[in-house]
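What follows is a pair of complexes built around chain A, which joins chain B in one and chain C in the other.
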Partner chain A sequence: MWRSPQTSTSSRDSERLAKISGSLFKPMFSRHHHLSAAFALTLAVSAIAGRADHTVPSAPAGMVVIPAGNYAPLIRTKDEPPSVPVAAYYLDERAVTNAEFLDFVRAHPKWQRSRVSPLFADVGYLAHWASDAELGPFAPAAAPVVRVSWFAARAYATWTGKRLPTTAEWERTAAAGFTSTNGATEPGFPAYALVWFSKPTPDTLPSVGLGRPNFYGARDLLSLVWEWVDDFNTAMVSGESRGDTGLERTLFCGAGAAGARDLTNYPAFMRAGLRSSLRASYVVPNVGFRCAQSVSP
Partner chain B sequence: MKTKFAVVVLALLAVVPGRSLLAGDSAEPSRPTGPSRASALLPAAPATDACCAVAPAAKGAAPCCDELPAAAPLAARSLYQLDAKWTDDAGKAVTLTSLRGQPVVVAMFFASCEYACPVLVSDLQRLRAALPAAVREQTRFVLVSFDVGRDTSAVLAAYRAKFPLDAGWTLLRGAATDVQDLAMLLGVKYKQDARGQFAHSNLITVLNSGGEIAHQHPGLLGDIAEAAKAVVGVAQRAPFIAKER
Partner chain C sequence: MKTQLPLPRLTAALGLLLAGATLLTPSARASEGTVIAKPGGAPIATELPLEVAVLTKAPNVPPPIGRKHPAKVVVNLEVKEVTQRLADGVEYTFWTFGGEVPGLFIRVREGDVVEFHLNNHPSSKMPHNIDLHAVTGAGGGAASSFTAPGHSSQFTFTALNSGLFVYHCATAPVPMHISNGMYGLILVEPKEGLPPADREYYVMQGDLYTQGATNESGLQAFDNVKAMDERPTYVVFNGSVGSLVGDKALQAKVGEVVRLYFGVGGPNLTSSFHVIGEIFDRVWTEGGMKHVQENVQTTMVPAGGSAIVEFKVEVPGTFILVDHSLSRAFNKGALGMLKVTGPENRRLYSGKEIDEVYLGQQSAAGSAASTREAQLVAQKAEAIAKNPEIANITKDIQLERGKKVFLSACFACHLQEGQGLPGVFPPLAGSDYLKADKERAVRTVLKGLSGPITVNGKPYNNVMPPQEFTDDQVADVLTYVMNSWGNASGSVSSDEVKRIRRAGQ
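Showing the complex of A and B:
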């Protein structure tokens, strides 16, 4: 059977990517575990204070609301505006868990490990699960589901009546600190955001939702797993159509970074770099996802 | 809705010589897999496959075809698993599965593109001209638009007329999520900017008769010899793949 060179290498790329990104972080699990109760109260208070904007309805269960605002892309060309408006949206408070994804594959067997089309998920899809419909010791029910492709993540989101967040939505939420919409100016926050990158991924991921909620109430954005976004494949495309895919190879040399908004935002660079190296069928041991929803007008 | 769609496809296929076998498959929209006898779609099939190049009604008279399953499933990595409904520049409904059985060269573009896309299309024309006549005859060139908002069938028809692009070309538009799916599978990156223009990868993809990626050619104004070789290879291999099923 004819196999394309393009697709036959993708599994290996997935593995290589996993090794690289896996050595970059470890969640701040232990630290946040005992702090989470204290912050639950803080969350409740800040939720009331932060969501006083009566033009935005309250979020559905398990989601937080992010009011309309602006997003300043990390990398843009000179033709692009410094910031783009982002409509109000809801974002899952935490990443989708193994247990939740198990419900999905039970309802849609074509997304089970042994049945999924290799077109939509590489070899290694849900490989840490015990079987098609059994989680097992390496996939705790409350841990974030990982080793899922973009196609699988989007199918799950659609199944729940939601969608994947856009890059702008995800980054805008993650830019918030614990007490303000701009973590970069919050004392200690930039350093906190870097800690994760210094530790390897644990063999078995901890539960979702243990991280301290940020200003909007979203948890674990910077401390558990990397997350798929709907438009990850727009990463590394400039406004110049004549610059073809070769741009992707050069953007992370010095010339590419020169167009960046904030050279100190290392985590954002890492995320942009990761997104540009992903393909939609990739399954990575530390890439999961959470869902979003538009706020109906 | 599905029934209506199937009828449209039937009407479309009826005017394409030698492709009437597809009608049998289209009449069963619930089945995601494609037509069973890809070999029958190939005008240049070698003699060993010739007995399969007959209508399903004559199946019993052609013992060599018995080994073929009634409805061969699509290959594991066939892009034709995308079950989206596209619309061509004549306003007709098209599924990717209907492209099965022939070499396909596909690229993504948008009609109001002033820079890269005209060059990309001219690259495709150059590739097409480089093919041996027999291969060119059976190869379909497909352009799929990113611009779900502006590229209506009428706009695509005008685009076809402007170049001009002959009957060997198919111009498609589709829903935003379907365009995104196809781009993901091809590895094409695109992004709409504030002015409504699209920044995008320039990528020419050769699909084999089963809809699997056989070759990809990145960039503009490059040497298309490798891509042409891939199309010829796919054309030669097509009957073999059909027989394999």
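Showing the complex of A and C:
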């Protein structure tokens, strides 16, 4: 199933239509949402039709396009605008896998486990791999790579000619549901977004790309691993989620999360919380990443 | 509670702090780091005897401190996300302090310097932190302990205030972290310690919000809509439905003083904590150490609050712990048990004394219903009488009960084997007088007997007082007497006694 970024494909829209139609017949689809196939097809077709207005070139292989739009940050100060424009961008359909990351460390041995600088990755970097250049049983080739630092993720992205997505880009993509740009208004979607939290991280992670694609065609955003973003350290939630108004910036909540845009979006709070708990050298057993690319200026 | 000292005390405390600081040489200050002043006491340097805190899983409580001096106490608490039973057939991924809900119980002494290590297990999905209400300091330690998965944080505080304090995770979204199980209790013993108790237990209440309805089976996810609406699907003691019942019930013996350290994690509900069949002799309300309320039936414990309740168990039995907002106890799990074993005390509590049909105004004697019931009762009695097997059992039961009655009253004169005392108390064993007239025997027990009689050819002239027995007791004791020590002369029914009693009135 996994198509490497190097593989070329046919035109973006025909690929997308094929993908959406194909997914209609996956049992997952009807099990989760009980939509009749006909109704779902109508939605899918109208979604594509609606998107015909966007003058965005088709995405590189393995990536999906997210058209220009606005992002309303979860947490902002009084001085910051309620929403910020986000230019169109491409985002990997799936998280980066162990196999892909192995290619990278083979090409750049300084990112191998035994050679990585402790400044750029903490102890535990790729600890689940069998060795420097061998995945082993705990790191299936098609599973997302985890235990990678922000530095390492960034280096990989650069190697592929891409970059890490920004928080705004990542969150904008993840805010979409299965059938619209706003999952919060899709029946059942907010509850679905919490299900991942009810399951402990398995010892061996499943393969990427098995999740149902969201409105933009991106998979697994809310159901596989946490993902690094380029500006993770701007989340700036202190450990004290209720009193952050007292900090030098008006960062978060305070007096009952007063600065937050949507207090019902628990998953977004948790992502903000996770990002602010991290430092760039941290390696965490359930934090991976995917890459993004700007639509050429 | 954070310390709110009245101004004079605060000034005194500052004065002490300054005085303490000036007593130290600069080098001493440098090596000891912080110098912490306790209001009203001497400054405490951090160079104190070192101890590692004993932490216990609910319902157990660490032993009393016993120390007469402060110490530096190291607390190691591991945050772990674990999937375990919430109710029968229902699993839930709990976020825990120490792998347990509620979190491990921490016990320190007022004035102790607590070095706290929060370790977030590598398998955790979430970053976590801890806010201990026993901490005087911003966030109760939360900001200093915010910890990514697979990392560890350390901070130190002085336990300024004695009391029973809640601790909990304060990472956004806080209600979810708490609902998922991230709460526990820390007891800061007053310097003089607490009065001794025979049993100390740890019970904590929390409310949970599952996407499935109450008791819907399977692994359940958190439902933030129900949480925001404060509509819990579960309200539980110690982390799961049935955590304190059956084999897991709390235990005590009659005469013991039982002390419960009770806390409410919430995130939302206040508890009306009550133990069915007990009155709390003493309640340290709201977990504070200064005021003890006495003879309390139900104590209200706020979310993020606590109480210490204590009572002496006087009688045996099973005592039920509930949140007296009873739908929570009956339908959602807020129910536990305390099993007390030991001798009965009938003076304090009789147990059931009478259980009989009560017809009330609805079914007066002579009504169709009562007539019909009487017919059925008669029919039943007849059926029993005709069935020798049941009849024999009935008689056997009567004999056992009759023996008890005999040994409680009659044997004093007629003696244990019914042999009597020649010339004074006539015998019952082999008595021709007894055998000759059953009705006379019944009347004798009911009304007593005085004056001369002849039994087995020998004269007796004494007084037997009337016996204050029920009809059943008269029937039972006479049946026993008429079938013991070689006697074999039938039986007496309760109905016969009733008839004779009525005839004699």
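By definition in this document, the second predicted complex is superposed on the first by the 226 of 297 C-alpha atoms of A that agree within 3 Å, B and C clash if a C-alpha of one lies under 4 Å from a C-alpha of the other, contacts with A are read in each partner's own complex, and residues count from 1 in each chain.
Just so it is clear, a residue touches a chain if its C-beta (ideal position, glycine included) is under 8 Å from a C-beta of that chain, and two chains touch if they have at least 3 such contacts.
For clarity, every value in this text was computed on a predicted model and none was experimentally measured.
Colleague: Touching A:117 in the superposition: chain B (first), chain C (second), both, neither?
Modeller: First partner only.
Colleague: Looking at the overlay, does A:201 come into contact with chain B only (first), chain C only (second), both, or neither?
Modeller: second
Colleague: Does chain B (first) or chain C (second) touch A:274, or do both, or does neither?
Modeller: A:274 contacts chain C only, not chain B.
Colleague: Quick check on the superposed pair: does A:108 touch chain B, chain C, both, or neither? Answer first, second, both or neither.
Modeller: Neither chain B nor chain C is touched by A:108.
Colleague: Between chain B (first) and chain C (second), which, if any, makes contact with A:282: first, second, both or neither?
Modeller: second
Colleague: Contacts for A:81 in the overlay, against chain B (first) and chain C (second): which applies, first, second, both or neither?
Modeller: A:81: touches chain B, not chain C.
Colleague: In the superposed view, which residues of chain A touch chain B and also chain C?
Modeller: Shared contact residues on chain A (touching chain B in one complex, chain C in the other): 237-242, 246, 279.
Colleague: Write out the stretch or stretches of chain B touching chain A in their complex.
Modeller: The touching residues are 75-79, 81, 113, 115-117, 181, 183-185, 187-191, 193-194, 197-203, 208, 210, 212-216, 218-220, 237, 241, 244.
Colleague: Looking at the complex, which residues from chain A come into contact with chain B?
Modeller: 1-7, 79-81, 84, 117-120, 150-151, 231, 233-242, 244-246, 248, 279-281
Colleague: State the interface residues of chain A toward chain C in the complex, per the touch definition above.
Modeller: 124, 190-191, 194-201, 226, 237-243, 246, 252-253, 257, 264, 266, 269-270, 272-274, 276-279, 282-286
Colleague: State the interface residues of chain C toward chain A in the complex, per the touch definition above.
Modeller: Chain C residues touching chain A: 81-83, 92-93, 122-127, 129, 131, 138-139, 142-151, 170-174, 176, 211, 219-225, 228.
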